[in-house]
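Right after this note come the structures.
Each of the two complexes below includes chain A, the first together with chain B, the second together with chain C.
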Partner chain A sequence: MEKVLEVKDLTVKIGEKNILTSINMTAYKGRVLGIIGESGSGKTMLCHAIMQSLPAAAKVTQGQIIYQQENLFNVSASKMRAYRGRHLSMIMQNPSTAFDRIQTIESHFRESLKAHFVVTKKEIRQIAIDAMYKVNLPNPEKLLHYYPFQLSGGMLQRVMIALSLAILASIYIADEPTTALDTVNQKQILTLFDRIRSETEAAIILVTHDLGVIAELADDVAVMYQGEIIEHANVYDFFDAPQHPYTKKLLQSRIMF
Partner chain B sequence: MTLLEVKNIEMQYAQRPFMFKRGQETPVLQGVTFSLQEGECLGIVGQSGSGKSTLGRIILGIERPTKGEVLFQGINLYETTSKHKKIIRRDLQAVFQNSYHSFNPKQTVFDIVEEPLLNFEQFSKTERQHKVRELLDCVELERTIAQKKTSQLSGGQQQRVNIARALALNPKLIVLDEAISSLDMILQKHIIHLLQTLQKDMQLAYIFISHDLQATRYMSDRIVVMEHGQLVEEIGKDEAYKHPASLELYNAILPSHPRERTKKFFR
Partner chain C sequence: MSLLRKERANVKRFFSLTILLVIGLLGLFAPVLMPHDPLAVDISKKFLAPSWDYPFGTDHLGRCVFSRMLLGIRYSLGSALIIQIVAILLAILVGAFVALKRGIIDFLFIRIWDILLAFPTLVLAFGLLGLLGPSLKNVLIALVFTQFIYYSRLIRGLFIGMNEKDFIQAAKISGTSGIKLIIRHYLPNLLPPIVTIVVLDIGKVILEIAGFSFIGLGVQAPIPEWGMMVNEGKQYIRQHPELMLYPGLAIILVVLLLNHLASSFKKLDQ
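Now for the complex of A and B:
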């Protein structure tokens, strides 16, 4: 297994309060790392720390994030900008705020593709249509001319996934990618993620609060509770032999028939 | 006894003609008919856009259907005087998905739960205080929460305040529209159990609208499946699904253990 990204002993504070406490985790090539935890446990903050997009009030007091033998905290701002989207791609939780509402879907694709490649208008269009076709959106050609407010939440979420899939990154960070979708679409998106990681060998960090999503897709699981990773295990060990009392409680909450 | 009867509902959203565009009529519901007994829990499942929420709103009397009638305790919701309607309102309550948006952000939890009592009951101040405390106990919230604003509460606490408000007037039917979908799993289970205990204690009927077949099945006595605005299948708790629309939903249930994963591309 080849390491792609490594988080070492990361601690983040806002004021005096620890938001993340000595986080250690590794993402491997072609594997899905599931991060599970309840709301407010620091999952989203961890994603932002990896993308170097923490809010201004947050201070990193110790730790490293290593990508391609470099500590991302020491990388220059311009280099980090080149990494974002091209190497590290993030799929946000809330589709309605992630889009610019006065730009069409096509110009969103244009913006992100032009930031990293030299492409013609025709190529952009083709890449966008392919990506939207992959996430199972109806009529991709027509959708290009739509504005974000004309689409439903579930469709926008899929457009956002298509946006980050249009560029083949080496790590996808998906922050609750399927929470806004209904179960049928959720299943399709998870299958799509599975295809991506087997075809492109990208590492996927999948943040969720749904044990079903973890059971369906993850290879490794990290359980977060109040800013700490309290359990880090292979997915089979996680379901068969949970160690921490919180993990046991979490597993008991599954609705059984 | 039959509590609610929905007869042959049809609903169309009309788009008005504008500039050079012709007006269009989009059918949302077609020929929806079902009934609900007292103390029963009926699940309505379907993909997004299948018209479940519109049906929920029609049952609540918020939206007037294009055709058909809704009989609640034998009274047609859309053909009564407003005085009559007020009596029906007591027995018909709702809990929606996004609880935060159904609160007034300036009100405290106490004010929110007290409001239906002010509107419908002739209680004195101490009686109201007593009742609010009772309701908060009922949904297992601490009494200290009563003085907080809703923005200070977590999602699960907000949803429980919402349930407490719906329970305030001892209703006969609560429509739960995606009421637990946005909560995490521990809370989902907690709220489902809470709803089930309340159902037994207070002889409540629920209409449980969700796209999550698993939770709906756990909760309901009977399930109807919707597709493109029509009821395509009605099944009991333990019966098998036959219609392709229900099978699609059934196949989308996520596994409870990695061993039961669906087909994989490699490995």
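Now for the complex of A and C:
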């Protein structure tokens, strides 16, 4: 297994409070790392730390994030900008606020593509339509001209996934990508992620609080609780032999049929 | 109820915008429309009553008041527009830079600006004019400076408010660079409040230009700026009050219309 991204002993503070405490985790090529934990356990902060897009108040006090033998904290701002969206791609949590409400869907695609490639208008259209078709959006040609507020939450979430998948990255960080979706579309998206990791060998970091999603897709699981990773295991071990009491509690809280 | 209010704001906006546009066009085409040379002195024709030849009569030097009023639109409304546009552009440059950099630059900016903002606008402009000497160009410089200080602080605040918005984060995450972020996301989203502020303050700036000219610190004598005309007319207020009345009323009309327009923008924004 080839390492793509490694987080070493990462601690992030806001004021005196530890938001993340000594996080260690590794994303491997072609594997899905599931991060699970309750709301406020620091999952989203961890994603933003990897993307170097933490809020101004958050300070990294120790640790490294290694990508291509480099510590991302030492990489220059312009190089980091070139990585974002191209090498490290993040699917944000809130589809309703993550879009600029006065730009069309097409211009969102144009912006992220033009940030990294020299592309013509026609090519952008084609890439956008293909990507939206893949995430099962109806009428992608028409959607291009829509504004974000004209679409439902579930549709926006799929547009966001399409936006991020339009560029082949080496790591996809998906922050609760399926929470606003119905089960049919959720299944479709998960299958899509599955295909991407086997076809492109990208690493996927999947943040969720849905155990079903973890069972479906993840190869490894990290359990977060109050800013710490309290258990890091293979997905089979995670379900069959949970070690930490919190993990046991988490597994017991599943709705049983 | 809200629809009715919106409708009223629309009517208000249409009404004031049309009149202002007409005034603006009159100013723009003043050289063609003026019946006489506004600077041509003819003592034999002083204090003429309004007639077809001289629609507003003539002043103490026999100059056509109507022509002077028309050309005055350029000096009052025109310079105010220029001041506002230059000031807001400079303010966007500086405000955006500070808001995106934060850190020590932002800290220093705030301290220095606090000191500058502690002076009332008029006092600051007075000081500058005292240093530079009275002339049209220096009035422009002084007012651009005072407006710029006020706006850059405001723009900084607006930009910082946007900094933590999700879609800004999303754009950053997909690799968009700083300048593109400003042009594509910050500015379009902040346009409504910025336009409101700029339009609202045009009236204030017109009053300030006129005020400076009136007390002799601004535009100098032969130039037919409205404030200057009020100043020139004041010597003859007993015999010929209309010489002060025309430019004075014009100032009031334009300022009121601008305030009207700005308040309708404000309602739209909300």
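Basically, the second predicted complex is superposed on the first by the 257 of 257 C-alpha atoms of A that agree within 3 Å, B and C clash if a C-alpha of one lies under 4 Å from a C-alpha of the other, contacts with A are read in each partner's own complex, and residues count from 1 in each chain.
Here is the rule we use: contacts are C-beta pairs under 8 Å (C-beta built on N, C-alpha and C of every residue); 3 or more make two chains touch, one makes a residue touch a chain.
On a predicted model such as this, the values are computed, not experimentally measured, just so you know.
Contacts of A:Tyr236 after superposition: chain B is touched, whereas chain C is not reached.
By the touch criterion defined above, A:Asn94 reaches chain C but does not reach chain B. Within the superposed three-chain model, A:Ser76 lies out of touch with both chain B and chain C [touch as defined at top].
In the superposition on chain A, contact of A:Thr120 is made with neither chain B nor chain C.
Counting contacts as defined above, no chain A residue meets chain B in one complex and chain C in the other. Across the interface of their complex, chain A is touched by residues 102, 163-167, 169-177, 180, 184-185, 188-189 of chain C.
Against chain A, in their complex, chain B makes its touches with residues 47-49, 154-155, 182, 184-189, 192, 211-215, 217-218, 248-249, 251-262, 264-266. Partner chain C is touched in their complex by these residues of chain A: 48, 51, 53, 55-56, 81-86, 89-90, 92, 94, 97-103, 107, 111-112, 115-116, 160, 163-164.
The touching residues of chain A, counted against chain B in their complex, run 38-40, 152, 154, 179, 181-187, 190-191, 194-195, 198-199, 209-213, 215-216, 218, 235-236, 239, 249-250, 253-257.
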